[in-house]
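Shared between the two complexes below is chain A, which pairs with chain B and chain C, respectively.
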Partner chain A sequence: MSLDAAISRAPTPAILPGSGGMRGALSDLFWRRPKFLLTLMLAPPLLWLGIVYIGSLFALLAQSFFSIDEFSGLINREFTLKTYGDLFQAANLDIILRTVTMAALVTLASAVIAFPIAYYAARYARGRWKALFYLGVMLPLWSSYLVKIYAWKLILAKEGILTWLLAKLNLLRLLDAWLSLPIVGGNSLSVSFTGTFIVFVYVWLPFMILPVQAALERVPGNLVEASSDLGASPGQTFRNVLFPLALPGIVAGSIFTFSLTLGDYIIPQIIGTSRLFIGQAVYSQQGTAGNIPLAAAFTVVPIVIMGFYLWGAKRMGAFDAL
Partner chain B sequence: MTSAVSFKQVSRHFGSVRAVDAVDLEIAPGEFFAMLGPSGSGKTTCLRLIAGFEQPTAGSISIFGERAEGVPPYRRNVNTVFQDYALFPHLNVLDNVAYGLMVKGVGKASRLKAAEEALSLVRLPGYGARRPGQLSGGQRQRVALARALVNQPKVLLLDEPLGALDLKLRENMQEELKSLQKALGITFVFVTHDQGEALSMADRVAVFNDGRIMQVGTPEDIYQRPNTRFVADFVGSSNVLPPDFVQRYSGQHRWGSLRPESIRVSSATSGDGVAARLVGTNYLGATTRLAFDAEGLRLHAVVPAGTALPAEGGAVMLTFNRDSLHLMDEPA
Partner chain C sequence: MRSDRGQRAPLGLKIAAACGLLFLHLPILLIFVYAFTTEEKSFVWPPPGLTTQWFAVTWNRPDVWDALSLSVRVAAISTAIALVLGTLCAAAVSQTRFFGREAISLLVILPIALPGIITGIALRSAFSLADIPFSFWTIVLGHATFCVVVVYNNAVARFRRTSGSMIEASMDLGADGFQTFRHVVLPNIATALLAGGMLAFALSFDEVIVTTFTAGQQQTVPIWMLEELIRPRQRPVTNVVAMVVVLVTLLPILFAYYLTRDGDQIAGSGK
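Then we have the complex of A and B:
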């Protein structure tokens, strides 16, 4: 077919007429004033963030400066630091220390477990294997959090599959030795801090794998070759090239694992000892104890810790790659 | 004398793809050696075999007489300048250059001093504090060169190092690389698909095609006396002449090659020569490249700028010196 036949020879205007009507006028308006469209699109989320989210945070902060009348149980709405005084009692500091230690250990373990998986996915997995990787990492996130935790309770219980497996492997003594240790031990894994730790790591692991994988994906493969070419052993290449370049991803992932562990109150309640974590303390203070100011003060703790954490992460360049 | 690099029947197959197929190669110490070929011809795989990023499927490789199969890249005293430089983005220029010395355990003061010296060698003194991202392509190229040279490698491998530079910069770097190589006396192995680059820089050139070496020789050998149609065509786009045509002028029934610059064009319509018709002109600045149709055979000639040209479609006579008609070994 010739070009002449394909294109009509009728004269065409250089400027096309407007399509007319409301929609045409609106399209032209949006084109002429792009900021107007942007404002329209951003207004609802900004209102939500500004009023509902930030607003409730401030309400929370304000509550923590109120106090509770110990006789009537009523909240005294006057500014006081008394609640913070209560917060820094030895028993409460214990809760804070326990939670922060757990969050740090969970973060460390997640990073160590996530790195090889993320490295495989970024460097070697192609096509179908990559899809399988994403499915494998994301699938647990699509099933109910509570179901997963109760499943773990069964796995870790004294009559559970893990004990059974270790018995078959004649390794029960190892488990018993571990459970007889102070702090990390207990009657069974499902009522020990070890169990809490295992489930925390399981539940938050995807949040570590994905950012680390994204960071490693951005490291060109020839940097690894260049390092090796310049005489670096695989270990030196890891320390000097891969790890520093993956660090922003690790820090980004650790923000998830650390903050999610700091705030969780369900996992330690179902799997673990009777000793409280921050989330549980908040839950019991605002619920059964009815001490809203102390609950609010407890809530401020992870917020402050995360504030410092994010500040440190920013200094380490965790957000440079965003 | 032991060769700097020696390939004996080396093959590297990826599944059914024969990237490198039974290659024999000897590179002399202190030589500037170019591997020339189209993309996918196996030249880069050969380079990676020397560097240690690939292991041969069959055959043996030795570097200065020592067997290299199974030796990882970090235990070879061979360094590479990568095509896209592969500078470490999280290190500044000085630490990039000092990297090789750092992983070998050289103390901080002496490795930074050596790195600074290497930077002056590539004419980038005082650039140490910058990040690779703040440098231009040409500067990055020099940093990559300094980073490799600071290790004083036995063999320096360059993988299309000038490919990403613009023409002017490329010409400068060609001269610089050549004088650097002369001054340092290190064996350079240079991969390129640019025949001009290979001819102008190398002491010897290996022309690759389909995982095999078609011809090894000095640039003059390769250019003037190609042994196959492929080499004649790839190096300098020679006119490849079919046996029947060649027989008329040389009496031998063999494939021949004729350089475009050895063809003279006259507007005579009779007499000795090849009658042809001008079908295209390409103005190239210093020269003009002409395309002719001689009874169905497409011939190219390059004439100096300013030569009077016949009109397009006009009949011309093409003449050439019998000596410049090169007969190739390839069977007819």
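Then we have the complex of A and C:
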């Protein structure tokens, strides 16, 4: 359109005319009433999560207040706290204690192994090496969970690579001595708590590295230098400067390692002894035993433990490191 | 100028970091060796011989193909649902402020923050209370629920970097809401959505804990693997499937990383 023609046209309104049709009307409506658009956007995800997820959670919680009739095996749908009382039987307390101990040990070991990787990646790796470290943590994190467990079954098997390696190094006696220890030992590593522990650490380790690295990235390098300039030994610098600054990251990572260990039932089933963990107890109670109320009550245990854990973690500022 | 450039790491730290990374990677590499072993009955190391015959055997196993097809269909549909729900939620949370905004972020993250067994058993008890029989859709229901968070995280990170004034500018220039979405918002968030979708697909393809509770008698690839781990039938076939699964999950992750690598938040840094 030429300039003349544009000018000679009738005075154009400052505001464009509304575009026609349904589409225009809707578009105008969204603009004039942003609340309407917001509701329209939020409704599908909230309905989905609200009905499917929160609904199911409440259905589960409600069932923990039912009880099972010990003679008929039928579920008695009346409010009772008896099922929660059952949690405090010696056998069940044992399961809870064992799981929490394992979760704590796994968390501790993951933190120790994760720290050097995270520190190197945050402070020294640059450019291509940084990307390599990042992928080096990401790929194991996202590799198939079952394949990772399977790989460890291959490694820990009696005829597997670890025994072969120890035999080559003439260290088999060490392995036998370890396996003859009371609690951590067993017939072979793949049916011992040691095996369960190693696999837990392996599978959850990346969840610890990433937040610790995020926390360490924020520590300026000259802080460490200042500490050594002022005469601190590397050990003192670690204790008084690095560790306190990395702590929120470690706590953030421990949320994952702790919570994931509490709820897992596949790792101890495949690599471990016949003594149960919370996840296995839930699984067998709802499956073979058909005692859904007790299974539901058992799931409340990790929820409560994680509730306290998250509350404590929040007070230590762990959520800023996520 | 920062003084921490070009420093060399202490040797002990280097060794500890290298050992840690080896610890993470060697077990997965081992899977690749075992896929070629001639040994059938045990996990003996070193492998007595190498062969590629198990690839042909696996190729001809209908149960493997059935599981693979179910897994791919479930992952595709769950990813599609998660893409829609996650993007809507991220757009609402990042573009506007309203009462209960924090609660919504928490609600989205909850399915992945609580142990998987809780999500699983909650869904199963809800299905049994409502008399819903297990089907393809009960698996999708569970998977889509925890895939939303992956898409949401990626989309929120991208929306945070996208200036809201671009949308206003587009509207000022006369585009209506749909045109703005099509020509301004979508190109901006496309790679983040693609990355989120890839991760959601990988997450769903690999999920086993929730699936055992929602699948009934159906077998996805992870459930097939779990069965083989508990009651081994033909170990070499399991080895081959394990190797293929590693490769299939590897590619989307690398691609998602590639798509978002220059952003402030790289896809996949939380699972």
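Keep in mind that, in the parts below, the second predicted complex is superposed on the first by the 268 of 322 C-alpha atoms of A that agree within 3 Å, B and C clash if a C-alpha of one lies under 4 Å from a C-alpha of the other, contacts with A are read in each partner's own complex, and residues count from 1 in each chain.
Criterion: a residue touches a chain if its C-beta (ideal position, glycine included) is under 8 Å from a C-beta of that chain, and two chains touch if they have at least 3 such contacts.
Only a predicted model underlies this, so the values are computations on that prediction, with no experimental measurement involved.
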Which superposed partner A:L175 touches (first chain B, second chain C, both, neither): neither
Which superposed partner A:I75 touches (first chain B, second chain C, both, neither): neither
First (chain B), second (chain C), both or neither touched by A:A289: neither
Which of chain B and chain C A:L166 touches, first, second, both or neither: neither
Of chain B and chain C, the chain that contacts the larger number of chain A residues: C
Partner chain in contact with A:N222 - chain B first, chain C second, else both or neither: both
Contacts of A:L26 with chain B and chain C, given as first, second, both or neither: second
Partner chain in contact with A:P244 - chain B first, chain C second, else both or neither: first
Which of chain B and chain C A:L108 touches, first, second, both or neither: neither
Doubly contacted chain A residues - partners chain C and chain B: 220, 222, 225
Contact set on chain B toward chain A in their complex: 51-53, 72-74, 78-80, 82, 84, 86-90, 99-100, 102-104, 147-148, 151
Contacting residues of chain C [partner chain A, same complex]: 2-5, 7-10, 13-14, 16-17, 20-21, 23-25, 27-28, 30-31, 34, 42-46, 81, 84-86, 88-89, 91-92, 96, 98, 104, 107-108, 110-111, 113-119, 121-126, 129, 141, 144-145, 148, 171, 174, 176-178, 199, 202, 206, 208-209, 222, 225-226, 229-230, 238, 242, 245-246, 249-250, 253-254, 257, 261, 266, 268-271
Touching residues on chain A, where the partner in the complex is chain B: 220, 222-223, 225-233, 236, 240-241, 244-245
Residues of chain A that touch chain C when the two form their complex: 16, 19, 23-24, 26-28, 30-31, 34, 37-38, 41-42, 44-46, 48-50, 52-57, 59-60, 63, 113-114, 116-117, 119-121, 123-124, 126, 131, 133-155, 157, 159-161, 164, 202, 205-207, 209-210, 220-222, 224-225, 234, 259-260, 262-266, 269-270, 279, 282-283, 286, 292, 295-296, 299, 302-303, 306, 322
